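Here's a structure for you.
Chain nomenclature is as follows: A, B and C, assigned in order of appearance, with residue numbering initiated at 1 for each chain independently.
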Amino acid sequence: MKRLTSCLVLLLLFAACFSVGTLLQPQAAAWSQHGQDSVVQVLLGDGRWLLANHFFTKADVYFHSGYYPTIFDRKNPHQESHMAGHTHEAGDHDDELDFMGPPRDWIERFGRHAMITKHTHLENGQEREILPWLKIAADIDPHIVETYTVAAYWLANQLHKVPEAEQFLREGLRANPDSYEILFSLGRLYYENDHDSVRARNVWQLALRRWKDQEAAGRNPEKFGLEEISVNLARLEENERHLAKAIQYFEQAKAVSPAPQNLAQQIEDLKRQLASAPPGTQAP
Amino acid sequence: MNTVFALSGVVIKELYRRKDFYVLFVLTALITLMVGSVRFFDDDKIIRIVKEASLLLIWISALVIAVGTAARQIPAERENRTIFPLLAKPVTRAQVLLGKFAGCWFAVGLTLVVFYLFFGVVIGSREHHWPLANYFQVMWLQWSMLGIVTALVLFGSLVFAAPSSNSTICLILVIGILLLGGYLNRVAAQQPGPLGALIYGIYFVIPHLEWYDLRKFVQYDQGLVPWSYCLLATLYAALYAALLLFAAWLVFRRKALNL
Amino acid sequence: MDAILELKNLRVEFKAQAAGQDRKVAVKDLNLRVNPGEVFGFLGPNGAGKTTTMNVLLGFVNATGGDAFLFGVNVREPIARQRIGYLPELTYYYKFLTAEEILRFYAKIFGIPRAEADRRIERLLKLVELEGARRRPLKTYSKGMQQRVGLAQALINDPDLLVLDEPTSGLDPLGRMKVREIIQRLKGEGKTVFFSSHELGEVETICDRVAIINQGELKIEGSVAQLVAQHNANLEQVFLKYIGYQPAQN
């Protein structure tokens, strides 16, 4: 009799749990549909920003194959991530990453054998190794824009995974609809990989609008962003032989560029071309 | 030496008849396989994160086994009163200590072999190459480091009242040295006079366990460290372990064991 | 005849438990001799100093003064214990080992060659009637079985001196009888047995000589037969007399 009672009590508890679960399930589904944070993000709280930042830095460590300063090293680690797709060699920022300095004592001298002391960058497809950390960083805190742009750069340009790059950027855009950086990266994807100038133009123009919206709202977006978008739009229009438009974008870029003389030269060239072009070839 | 080997055999038997090793191995294997099964951006060639996760788990597991096994040896002998029939034989306390140390160290060595075999199989199946010399260096130096840790914990088991407090203190000390030991000289340089001197003193006295962490070399495919470095590091570990065991013997030989 | 076990002015003092208290003297200038081939009973009430004396003999505790010798070797030397077998009162062995493994372990400590160890293990397991359970871990054994393992490990090195601390404690009558038989058989083989016990009836039956200590001091030492005849009383009454027990006046 006792065994039967125990079984019945267990069954009853199980039925109660199941019922409560079915009652709660629609609410939980609605909760996530309203764009609320996921359970993980709620659990981590504000700590997720630190964690996401840590994982983004981890990707940078992987990019440098472990050669990376710690918080105890003399110089500050580089402010800008060098995973951002600049096509420079490892030696280009040696000064900045020459954080080790000479060993202070024999213990440190001996211990250097167990440390990575060679400054390298991942290449030849090995850049894929940074992707998991970028993905994890994005999952934990979807508002770090650089996570998406860096990942998309390596996915599209080195690993030839353009659809994955586009999908990741779109995820980033859903989480950061105001981000001109993600829109710019998306535009580059369409232009450089898909060779779709129409979509690229649309997206870059949207990026430009977003930049200007941020400026108007007093959020001080980076002027470099405006320069990049404008220069790319200008080049697109130049290739399409819309020289007047190209000049307009170059002028916009020149206004914020730290090296306006280069852009000025290009503007002059375009103006000469425009002047010598047959009439009716310039679309507004 | 017969006595030392006999004692070490008992310690090894104890390890594989307890559940600790199997639980940790299964946990390591499961987490490694789980991380390995995740596809990031539909790319099945990503391997370094799997290496990092697996090597970290191996390090944690080996440390837990070394500290846990060593911390309970002598206290358990006293609590279970098995030390009395043992010392009633022609066995010196030094032999008991050496036997316990050898048993714990060999036991953890066997653990490392099993873990690294698993690591080699999993990673090799993805990378299709086996840098055996690298694996050997990582494993050898980790085993040497665990010799220092085992000796430290054995010494602690004679100083601290309970195995739990000994384990906690030793784990904190070991993890602290692994994370910060190599940087204490920089911290010392930034501190005023006496405090800086004290930190510098601690820097020179502590065993530099961070010398034995070569995981990055396997993780980032950085090749081998010089074999002379491995040899000198092994010698350092042997000397430090001997020093700690000697200190343990000095404490143990004076301890009264009452029936 | 050289004594197999000898205590010369043995003194053991322990530090005071609390500040301001005097040191506790557990054993006071104890002198004792045990001759080869005899069964010697070491008797005393609880707290008399029997266990402390045994601790010194076995090297668990260092004497504060005086000396103790086994086979003419000072007990501070581990080699003094090469030819003794010890059975503690509370028998605890490695629970994860089997009886066979424990015996093999102790045989290795004594440096007994493998073939000889195998032969002795077979014989001892038969003697203590544990052949059927030889491959089971000790944690599955009853108290009586653990006591028998204890006896087997005490005999693994074929000792010339057996030190037994309350050997029949906790055993049923059958178990006690078997232990008595083993002790008598060992005596017949010329071995020496030194044991402490509260079972004075057993002591009277099997011991050749006894020593009675109380409060760390030796009260009397002599042959059982002589003591019983001298006082015209059984050993228990002799014991009570020498420990100063006064029966309540009716």
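Observations on the structure shown:
Following the convention adopted for this analysis, a contact is a pair of C-beta atoms (placed from the backbone, for glycine too) under 8 Å apart; a residue touches a chain by one contact, two chains touch by 3 or more.
In this text, all values refer to a predicted model and were calculated from it rather than measured experimentally.
Under the stated contact rule, the graph of chain-to-chain touches is a line, running from one end chain to the other without closing. The central chain of the assembly on a C-alpha centroid basis is B.
Averaging C-alpha coordinates per chain places the centre of chain A 40 Å away from that of chain B. Distance between chain A and chain C, defined via averaged C-alpha coordinates, is recorded as 79 Å. Counting only residues that touch two or more partner chains, chain B has none. Considering their complex, residues 62, 65-66, 70, 72, 104-105, 107-108, 110-111, 113-116, 118, 125, 128-129, 131-133, 135, 151, 155, 159, 161, 164, 168 of chain A touch chain B.
Here chain B touches chain A in the complex through residues 38, 40-43, 45-49, 182-183, 185-187, 189, 203-204, 208, 210-214, 216-217, 219-222, 225-226, 229, 232, going by the rule given at the top. Residues 51-52, 54-55, 58-62, 78-82, 84, 86, 88-90, 92-97, 101, 105-106, 108-111, 137, 150, 153-154, 157, 163, 165 of chain C touch chain B in their complex.
Put simply, chain B touches chain C in their complex at residues 2-3, 5-6, 9-10, 13-14, 17-18, 80-82, 84-92, 256-259.
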